[in-house]
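In what comes next, chain A is part of two complexes: it sits with chain B in the first one and with chain C in the second one.
Right, the complex of A and B next:
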């Protein structure tokens, strides 16, 4: 029973990681908090639901198919952020992305109403049995998919030239720019990667969780919790934080009633902000 | 114009509005009065947010929490202690202020976006606690707020109108007083550079707490009036995220960090919002969102900044 809970937590954690790592990367490179990150996840959920209902395309394929659309949307939001003068960017981008978040969620509500929706795949009820452990197939496929994406992402950041440039800008923008790195280009790339990861997470989570127009609020808060847990701007920290939150949540669910389940994340969040704002991996304090 | 003249002008305008109920039949023009009530409430909340986020530069994403706490204070005092709802209203701001003090001592050491995130989380925690403490707060079922006659009269709309008017008056006056006092200059100094303010020997933490207390009081009292107005309080409506977002919209579009900003913003946005709300249920939120994007990106000083710019250009032309 315990192993099953931990495994379930790890699976959810993998998907949380996709959302949080984009948020932390954007924060690290651009020094802004992308308040509309959760709504991009929500948009991914809705898009994959619509594609499945209309053309019966599996959410795992639509995660790839929808990328051009999301990259375009991301580029549009990036253009708006880029328009704010650098000096006011920290606070005004917070307000701007909050506005974007509101526009996305209310438009979805106006088009699709506030009903809860989900994708029912042909194998939604089937269960993978490994000895005593039982896991639903959608969970297995989604976690496998997210692990593949995470590995690709990790390769991109750690092994390629672009990734090295992104890490350079995150650790010291001034030095990076004197070394000939185009900060604007890297910022744009980072934002696109973040948006793309969020939309993929949305698509592959739609067979597992219910979608409704304001579900983005929950994702953004959880992603913040993870990012603060792992240390703002730290990629490794975000992975670890996501797994920790996923396991922690799934372990306390049986002992508390449903409405209290999110309390765990928030209290952890406040405690970390107060006592260890630099996160698990420490590092340079930015608070 | 010095501050005394401004206070006199505001007082005169409010006295004129105060006479309104004597000329207009409230029952006939219920819709109009409703918009007016909402205008005053929105103005109060926007001022509350602006004092903390505009003057002191501590952007809050947790005003829904203060509003919810204020609303539940009234509801629970009426329900358990059988207080008159008007007496309970006096406590709502006070209790919200106490929570703000607690919150401030915990989180105001944090800066910028971190503080914003901490307020977002604490508002959610307050909501979850209210939902979870079912035996005390009735959980998601909500609590009914019984209206009690005041001074032997049952004309609730008039009383609500007067209370809302009083509250918005207090909020404008406190915003004015703060803006032109030493405290206000400290607030602005903190907004511009916390390190420099600290280096000048000013107790930054103390002034941030003061800003949060004023803001929390106004937001809590807003919640109290809201609870009496709707006659019912439940977690979803009391901690509605739009109470966090609306004051930000209004302040930003009017002009964040100015006294006149929230006034312009609410005078302009609330009537448009109310009309849109009655025409198409949720379209007003979409409208607010688009306006916020436009203003945050292209006119970060808001309408107040644009007007000032226009006036300056006019003066230059006349010279």
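Right, the complex of A and C next:
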């Protein structure tokens, strides 16, 4: 049913948004592409699966509980990036974070094997019936959760002093520093926020999608597509792009094999790069 | 208050400032004038910590500023209206002003914003507007307002009148005088040499990276060489 498909697409889109918005924010502020972003999502998935299997902790709680761990990991990766001199940052950070990505994904493979894993919650098969529309409970909860996070994130960026400083640094770091803003501190905060969002996305998506060690590759590419769709560095663009991709993917499922779903993102990506490389918003304003 | 001694500075290995000696006393208005490419902006940027200092020292209130990060330098009480305004055009007027008070605490921020709104009522009117949609003059006023938000002891202005109508220029000059009377020390970079020097207690003339003359503002305007090179052309 069309409405159901669109709704499902929007739900997945909300979770994609958590991933993409962090990637775009890190790019906007630090001018780096965080290649290990998808692997942080993957780690969130595995961590929440383990916590559920071992201690029956629901992934939604793990999303919060695991934050200290992920923030520490994020700080560690940030330290590595921060060691690269600014002039060489653009290229070298790409290689560095790609290296981190390999280390994370292969470590997970060595520890947990390459098998597909998922969380089967007690209510995994139950559906919410709204008139004629039926949505699985894990979808309902995950999307509600991600909407709450998105609202909090939006508040942080648009209404707080830190958020204002983040936007200022993204738009003009030199001028921001002449106002007394510590660029390094803001970069670190931004990176932490991005890592946090990615790990939360991983936790709440684990009851919906299969986890495997290299699933991060899919997430990063989708996040790229979204970021390009919305215009590099634009937060609003990333939200819109995420919803668009989610709905687009969802709509093609009935017509193609399920495995074609991921192909959609790539085709969209190529089309946009060819015909509208600045994204939907024309790449005017950043963040 | 500000003291620069034997400064040699530049961008990486390219030196653009040689043997600069300059000081600004508390309560003064001091201007730096000179032709395009003389190094005026570079001199300001070296005070703010953006240039590589090869030799010499920059002191503010007796503390060495060399090798400090820009954000640390401005936290000492220096504020700058940089060349070309550099407002955040995709942020609102109010957000821009609040960013100027980044290092102040809540209650003080309110005081400052009231002060700036009183000085420039237009900013109060436009506070919810995206800064990029302001006119050029309004943007310059915003840049000055933002610089004042941090409650600076020393206010540096780099060509605040560039490309603005006479009315706005007059407003800016009146404001600079008024701010100075309120106790803010001013370092002004200008190409409008007559106007700047008339307002200033002292002035420096910068040419190809060196200070070629210094003196009382009005005296400099009477200097034959200055008249010959600058005023003759205007």
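Please note the rule applied: the second predicted complex is superposed on the first by the 282 of 287 C-alpha atoms of A that agree within 3 Å, B and C clash if a C-alpha of one lies under 4 Å from a C-alpha of the other, contacts with A are read in each partner's own complex, and residues count from 1 in each chain.
As a convention for this text, a residue touches a chain if its C-beta (ideal position, glycine included) is under 8 Å from a C-beta of that chain, and two chains touch if they have at least 3 such contacts.
Bear in mind that the values here come from a model prediction, so they are computed numbers and not experimental data.
After superposition on chain A, the partners chain B and chain C are accommodated together without colliding.
In the superposed model, A:217 lies in contact with chain B only, and not with chain C.
Using the contact criterion defined above for the overlaid structures, shared-chain residue A:54 touches neither chain B nor chain C, since it reaches no partner. When both complexes are overlaid on chain A, the residue A:106 reaches chain B alone and has no touch with chain C. Of the two partner chains, chain C is the only one that A:176 touches; chain B does not reach it. Here chain B and chain C are compared by how many residues of chain A each touches, and B touches more. Think of it this way: put the two complexes on top of each other by chain A, and the tightest Cα contact between chain B and chain C is 17 Å. In the superposition on the C-alpha atoms of chain A, the part of chain A touched by chain B in one complex and by chain C in the other spans residues 287. Contacts from chain B toward chain A in the complex involve residues 57, 59, 61, 106-107, 109-114, 116-118, 120-122, 124-125, 128-129, 131-132, 139-140, 241, 245, 248, 252, 280, 282-283, 285-286, 288-293, 296-298, 300. Chain contact summary for the complex, chain A toward chain C: residues 161, 164-165, 167-168, 171-172, 174-183, 285-287. Across the complex, chain A is touched by residues 48, 50, 69-71, 74-75, 80, 82, 86, 88-91, 95, 98-100, 102-103, 132, 146, 150 of chain C.
By the touch criterion stated above, chain A contacts chain B in their complex at residues 33, 80, 83-84, 88, 90-96, 98-103, 106-107, 109-110, 214, 217, 221, 224-225, 228, 257, 259-260, 262-263, 266-267, 269-270, 273-274, 277, 287.
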